[in-house]
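For reference, chains read A, B, C and D in written order, and residue numbers begin at 1 within each chain.
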Amino acid sequence: MSFRIDLKVRDYECDLQGIVNNGVYFNYLEHARHEFLHANQIDFAKLAADKINLVVIRSEIDFKASLMPGDEFYILVTPKRTSKLKFAFEQQVYRTRDDKLVVAAVIIGTSVNERGRPFVPAEIDQVFPLQVE
Amino acid sequence: MSFRIDLKVRDYECDLQGIVNNGVYFNYLEHARHEFLHANQIDFAKLAADKINLVVIRSEIDFKASLMPGDEFYILVTPKRTSKLKFAFEQQVYRTRDDKLVVAAVIIGTSVNERGRPFVPAEIDQVFPLQVE
Amino acid sequence: MSFRIDLKVRDYECDLQGIVNNGVYFNYLEHARHEFLHANQIDFAKLAADKINLVVIRSEIDFKASLMPGDEFYILVTPKRTSKLKFAFEQQVYRTRDDKLVVAAVIIGTSVNERGRPFVPAEIDQVFPLQVE
Amino acid sequence: MSFRIDLKVRDYECDLQGIVNNGVYFNYLEHARHEFLHANQIDFAKLAADKINLVVIRSEIDFKASLMPGDEFYILVTPKRTSKLKFAFEQQVYRTRDDKLVVAAVIIGTSVNERGRPFVPAEIDQVFPLQVE
């Protein structure tokens, strides 16, 4: 099952084309991932304070439509373990009023300790179970 | 030959991990593309005012290393025509002091007119020549 | 009576000090003003499309405390007419869990037409009634 | 004598009015202050890592004109000690091509230690000498 958050476009997130700037979707997606992690007892900020850094190593984003000022939208997050050290988030942004797909993304992350070495905390392991595919 | 711009990290672009936030690279890359277009007599803002919108339809970004407060870096932009209606930007972000690769990206765009229909201005055609591959 | 919106800190809004970056409050305050205007049938984005630009001419912000990752907060907006051509927004940001005052601000704006001349639309006049003080 | 940095507007910093968003000036001003501090051997990020936080407690900003896409501009920074525990930055943003004043600001800051108590490092004292007025 997917995790979902509901948001609304803020005018300052729109650029001179009058639509949400592409870079802002990256922020939206990050916020949705952190809320998803939070709902699973993983606190990004607390981990960072403990020198465990969750880092994005690759992002693939397809931009299908544009959000406009005032639009309400929701973001779905589906976790997927891709290897022992990597975990993926499949994410979609939908416009609320007609469920139109706005953005589809796959964000791949890993986790490193203070010395930059791969280190996957137990709570991450639980949220992203290693799967036989 | 690649187009290059030189920039420097601003502290407010760094997040609570103390490094440049992933979303900010998207901004950096966009700025480099617009500067590249400008150097080729294509003005993104002017086109937008004329209701010709250059839009990103896909981005693939690999994050290889992190920029820190105060780091100087440069961005390379290489244009590549991928089809009649699509054009790509191959972009790399390098840390200046050691030429370390920080981010590698492929950004694919298209151009639409006021009614959202594909429309590639002549000046775009010139910068992204259709190639026999 | 004051207008109120409720928001929550997003991790990407925090800077390397681990707190919400000062500049982000400016965004929060703008968003609250636009929501306030919206609730009073004034659409900032639509006005901009019609070349009527609401512009901020002065901001005074006192920073009393810091919001942290995950904090919920609310913003109050109180309109105040300061002269024929100027209108003010008194705004406060409070942390929700203990109603602690985080930011107190006075933002003064005006409205200009396509040629940059002062022009106050009728709907603005209604929201900011001229007062005998 | 004033400290000066030269910058250029990036398209993504412009909003749906087609001009630099007001909140972005706050970022510009912060960046200029940090560069000024750096030029005086004060490293904001390093201090933050050492749990000495320079914090803004009040900002007054007058918006006189608007920067547009592609505009080059410069920012002046003049330090001023206002009391034992407070220091001010007088800052102006000018458009380069005609030296037009765009923004005039006074930003007042203080410095706190890990427990949130006022603590002014020696290097700050040197940059902002206590004056008999």
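Rule of thumb we're sticking to: contacts are C-beta pairs under 8 Å (C-beta built on N, C-alpha and C of every residue); 3 or more make two chains touch, one makes a residue touch a chain.
Worth saying up front: this structure is predicted, and the values here are computed from it rather than measured.
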item	value
Any chain in contact with subunit A as well as subunit D	B, C
Farthest-lying chain, centroid of Cα atoms versus that of subunit D	A
Between B-C and A-C, the pair with more C-beta contacts	A-C
Distance from the mean Cα position of subunit D to that of subunit C, given in whole angstrom	22
Subunit A and subunit C, separation of their C-alpha mean positions in angstrom	29
Gap in Å, rounded to a whole number, between the CA centres of subunit C and subunit B	33
Residues of subunit D touching at least two other chains	11-12, 14, 16, 18, 21, 23, 27, 30, 45, 48, 69
Graph class of chain-chain contacts, one of line, ring, star, complete, other	complete
Touching residues (chain side subunit C, partner subunit D) in the complex	16-17, 21-24, 26-27, 30, 45, 48, 53, 55-63, 66
Subunit B-touching residues of subunit C, taken from the complex the two chains share	11-12, 14-16, 18, 21, 23, 69
For the subunit C and subunit A complex, residues of the former touching the latter	10-12, 14, 18, 27, 30-31, 34, 38, 43-45, 48-49, 68-70
